[in-house]
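Across the two complexes that follow, subunit A remains constant while its partner is subunit B and subsequently subunit C.
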Partner chain A sequence: MNTLLEPFAYEFFRNGMIASVIVGAVCGYVGVYVVLRRMSYIGHGLAHALFGGAVLSTIVGVNFFIGAGVWALVSAVLIHLISHRRLVGADAAIGVVTTSSFALGVAVVSTYRRFTLDFEAALFGNLLGITPTDLWVIALTSAAVAFVMIVIRHELLFSTFDPEVAPVYGISTGRTELIFILLLAVTVVASTRILGVTLVSAAVVIPPVIGRYLTQRFQTLLLITPVIGAVCAATGMYLSYFIDISSGAMIVLTFALVFFLVGGRRWLRGTR
Partner chain B sequence: MNHDNVVVGLSGVTVELDGRCVLHDINFDVHAGGFVGIVGPNGAGKTTLMRTIMGLMPVVSGRVEVFGSPPGGKGSDAIGYVPQRQSISPEFPATVGDVVMMGRLRQLGAFGFPRKKDWERVDRSLELVGMQDRRDRPVGRMSGGEQRRVMLAQALCASTRLLVLDEPTVGLDLPAEHEFYALLRRLIQDLTLTIVAVSHDLVAMAGQSDELICINQRMHIHGNAEEVIHSHAIREAYRCEFDFLGGELAHHETPGHQHDG
Partner chain C sequence: MFDFAFMQRALAAAVLVGVLCGILGFFVVLRRLAFIGVGISHSAIGGVAIGILAGWNPLLTGAVFAIAVALGIALVSRSDNISEDTVIGVFFSGSMALGVVLFSMKSGYQQDLFSYLFGNVLAISTVELVALACASAVIMVIMLLTFKEHMLISFDEEVAAAYGHKVLAMNVLLLVVLALTVVIGVRLVGLLLIQALLVVPAAIATLWALNFRWQVLLATLIGALSGVVGLVLAYQFDLAAGGSIVMVAVALFFITLLAHFIHRQFRTPPSVSLDQP
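For the complex of A and B:
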């Protein structure tokens, strides 16, 4: 029993566990709309775009959350604007913005090699680096994201379900989408400390997909997805202590394992 | 004409899209309690006209009024809209009740939580379209005809007095189409609704509408359906000849003219 509880004796682990649960839940909640709006690519791109901001904030000596946060919000607005101008395909334009930003980060890393460890943390997450201040920032930003999402839930659902009809009933679909992509950017920034820019999109996409296997009801999906996200993140975090695998990778592998178990069960039932 | 019961009034309306004039000097009034069909060839600006009435397209010049207010004003709260749609994705995890409640968004109380009276309104709307027992069914798994009824119930769930329909029966087979039009007729009578429908289906519109408005970027004719389908103006708008025989339509290209496409 003592062995099972051993990791909780360490403050870094407790901080990491709490942060994982919060990040898993909020990514799952936001992810429901990301998946239904078919914005997975934008979520993935935003996370990569963030890398440039994370690297520059380290070089300039600005707090990670401020530097990367401003960078992510600017990238989100840019992606939103590009998606609505039809000069080139939205996916191609988003690809240009996000990979450019990522490449900028890589270029700076190759110039300032002494920061390699920090950049590895930005790429893959680093639970050991979660300070109590980080924990507060993650908790408060996640609470703010969840609050705004709850306030605009009808607008989000209607504009997701039917962007053509929603404006007739007084919903500004453009404004709703902009607010949502900004919330997604904030979520990605809050989660990067845990999962890194390369793994964060898995926490946004996989839990809602698992949830969709389990329910046909939107309200139920909104309730169970954050729970799936939080439980998988906590499980992955816990296992990483004993298996000695990077916690970000272990969390995502847990998501993937649950996805294959639930998806496989549904597939088996469907083929009977 | 009685000018006291004008639901939609357009006067000298011109609309541009990306700098190109798509509607020029459109004038008509729609009166309460009727079924008005808007017809015209492809590219005539029918959908733009419909969006203009709903306040989703700005006008370059002219005046649009819905229930006496400009688009986006108080009158807009009384508009319900049923879009053209082949089907709702079976992957979307919404129930019939969720979708119908969306139409009630403007009327929801504090913090947007539906109250008992909102759910009663949802049930009443579903009852009006004959789907009272389907509130908890996943909407994506229904047939095209059933989904069309759900969208109609969504439109009725607002305090709708004007129903705007875009290609109301596209994708439906003939019996489902007849059933849908019969339902619309019942709603006009029971709820004193006014319906404006945009369609490329001239035969169906001629058979169902009290009045027809024919446009092709400009106004060609507005009158009762019988009068319009036999007019020279409709031939001019479509740039072809029509023979309406027993409800069937045959059309012949007028020599020297090409269809608008």
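For the complex of A and C:
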């Protein structure tokens, strides 16, 4: 029994655990709309674009959350604007914006000479580096995201399921989408400390899919997805202490494992 | 700088990968496969990690794994009611995490992992270069032979099927070729950046709005050009080759975009302003 509770004796583990539960829950909540609106690629792109901002803010010496946050919001607006132009295909345009920011990060890191822990943390997350201040920032931004999402839930729901009729009822789909993509950017910034830019999209995409497998009702989906996210994140975090591997990757692997278990059960039963 | 053998090899690889990515990228942009390209390239890291741990050739296992993931994505998004982009998100982040976990089991993994993620031009051996050249040649021949069929399928899958073309087989072929291309580019730009070489040159070619044959040709030229210029800049300024190659391609994209807008301003017929009150 003591061995099982042993990790909780360490402060870094408690901080990491709280942070991963918060991140798992808020990513799941936002992710429901990401999956329904088919914005997985945008979520992934935002996370990658963030790498440029993370690298620059480390080198310039700006606080990560401020530097990367501003960078992510600007990228979100850019992606939003570009994906509505018919110049190049929307997906190609998103690809150009995000890879350019990512490549900038890589080029700058290589001049910096030290491919150090900071950058590895930006890529894959580093739970051990969560300070109490980080924890507060993560908790407050997540609460703010959840609050705004709840306030605009009707607009979101309407514009997600019927973008053509929504404007007739006075809902600006463009504005709702812009607000949502900004919220997604904030969520990604809050989560990169835990999961890193390469793994954060898993926390956004996988829990809603597991939720979809378990329920057909939208309201239930909105309730259970954050729970799935939080429980999986906590499990992954807990396991990573004993197996001694990168906690971000272990969390995502837990997500993937649950996905295959739930999905596989459905396949075996032959239900659709 | 070209006196160094490693630079000669890197240069050959840059031209090779640039041309190959130009051809494949044309189809990626035309058929809106950008995200599936990301999915395939990122998930290859899982296969590379398996190869390293098991002591097999990591590029081979990476290719096999990438092909398996590509087929898995195609299979699941066909048979289940989840949208394709979501399936891609699930698969690639899962295999990415698997890769990171497997790499972290090996001590001193950091350097290794980063060289696959961001490329390592110093690691290109002569044997590998020859293998890559052969693989690229085969891919190019296949793509050129099936060019017309792919074009037809791109525009109308149903009509293509009605004319007796094997749509599913061709789509699978495209995914397999994409997976191979990703692995061919891994030494030069790395798995996280190869996506840019697929999308950016082809997007530039689309902006010039020529006919499709010219688009393919232009995309290959831009791919090779950014490969070579990026490599030279990387050597001069001591940058990571992958990052600097992609930055050159992106710079070309934004120059083209600017030229495109200026061109459009001039092209606007003056009569429009006369119509206004």
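Some observations on this one:
Quick note on the criterion: the second predicted complex is superposed on the first by the 269 of 272 C-alpha atoms of A that agree within 3 Å, B and C clash if a C-alpha of one lies under 4 Å from a C-alpha of the other, contacts with A are read in each partner's own complex, and residues count from 1 in each chain.
In this text, contacts are C-beta pairs under 8 Å (C-beta built on N, C-alpha and C of every residue); 3 or more make two chains touch, one makes a residue touch a chain.
Since this is a predicted model, take the numbers as computed values, not measurements.
Legend: residue contacts after superposition of the two complexes on their common chain; A:L104 is shown touching subunit C, with no touch to subunit B. Of the two partner chains placed by the overlay, neither subunit B nor subunit C lies in contact with A:W71. Residue contacts after overlaying the shared chain place A:T215 against subunit B, while subunit C stays out of touching range. By the touch criterion stated above, A:R153 is placed in contact with subunit B alone, subunit C being left untouched.
When the two structures are aligned on the shared chain, A:F180 is found in touch with neither subunit B nor subunit C.
Within the superposed three-chain model, A:V168 lies in touch with subunit B and out of touch with subunit C [touch as defined at top]. Residue contacts after overlaying the shared chain place A:Y238 against neither subunit B nor subunit C.
Touched residues of subunit A, counted separately for subunit B and subunit C, are more numerous for C.
In the superposition on chain A, subunit A positions 212 are in contact with subunit B in one complex as well as with subunit C in the other. Taken in their complex, subunit B has these residues touching subunit A: 54, 56, 76-77, 79-81, 83, 91-95, 98-99, 102-103, 105-106, 108, 111-112, 138, 151, 154, 158, 164.
Those residues of subunit C lying in contact with subunit A across their complex are 28-29, 32, 34-35, 37-38, 42, 80-83, 85-86, 88-90, 93-94, 96-98, 100-101, 104-105, 110, 114, 117-118, 192-193, 195-196, 199-200, 202-203, 206-207, 237-240, 242-244, 246-247, 250, 253, 257, 260.
Put simply, subunit A touches subunit B in their complex at residues 36, 151, 153-155, 157-158, 161-162, 164-171, 212, 215-219, 221.
Touching subunit C in their complex are the following residues of subunit A: 35, 38-41, 43-44, 48, 87-89, 91-96, 99-100, 102-111, 115, 120, 123-124, 198-199, 201-202, 204-206, 208-209, 212, 245-246, 248-253, 255-256, 259, 263, 272.
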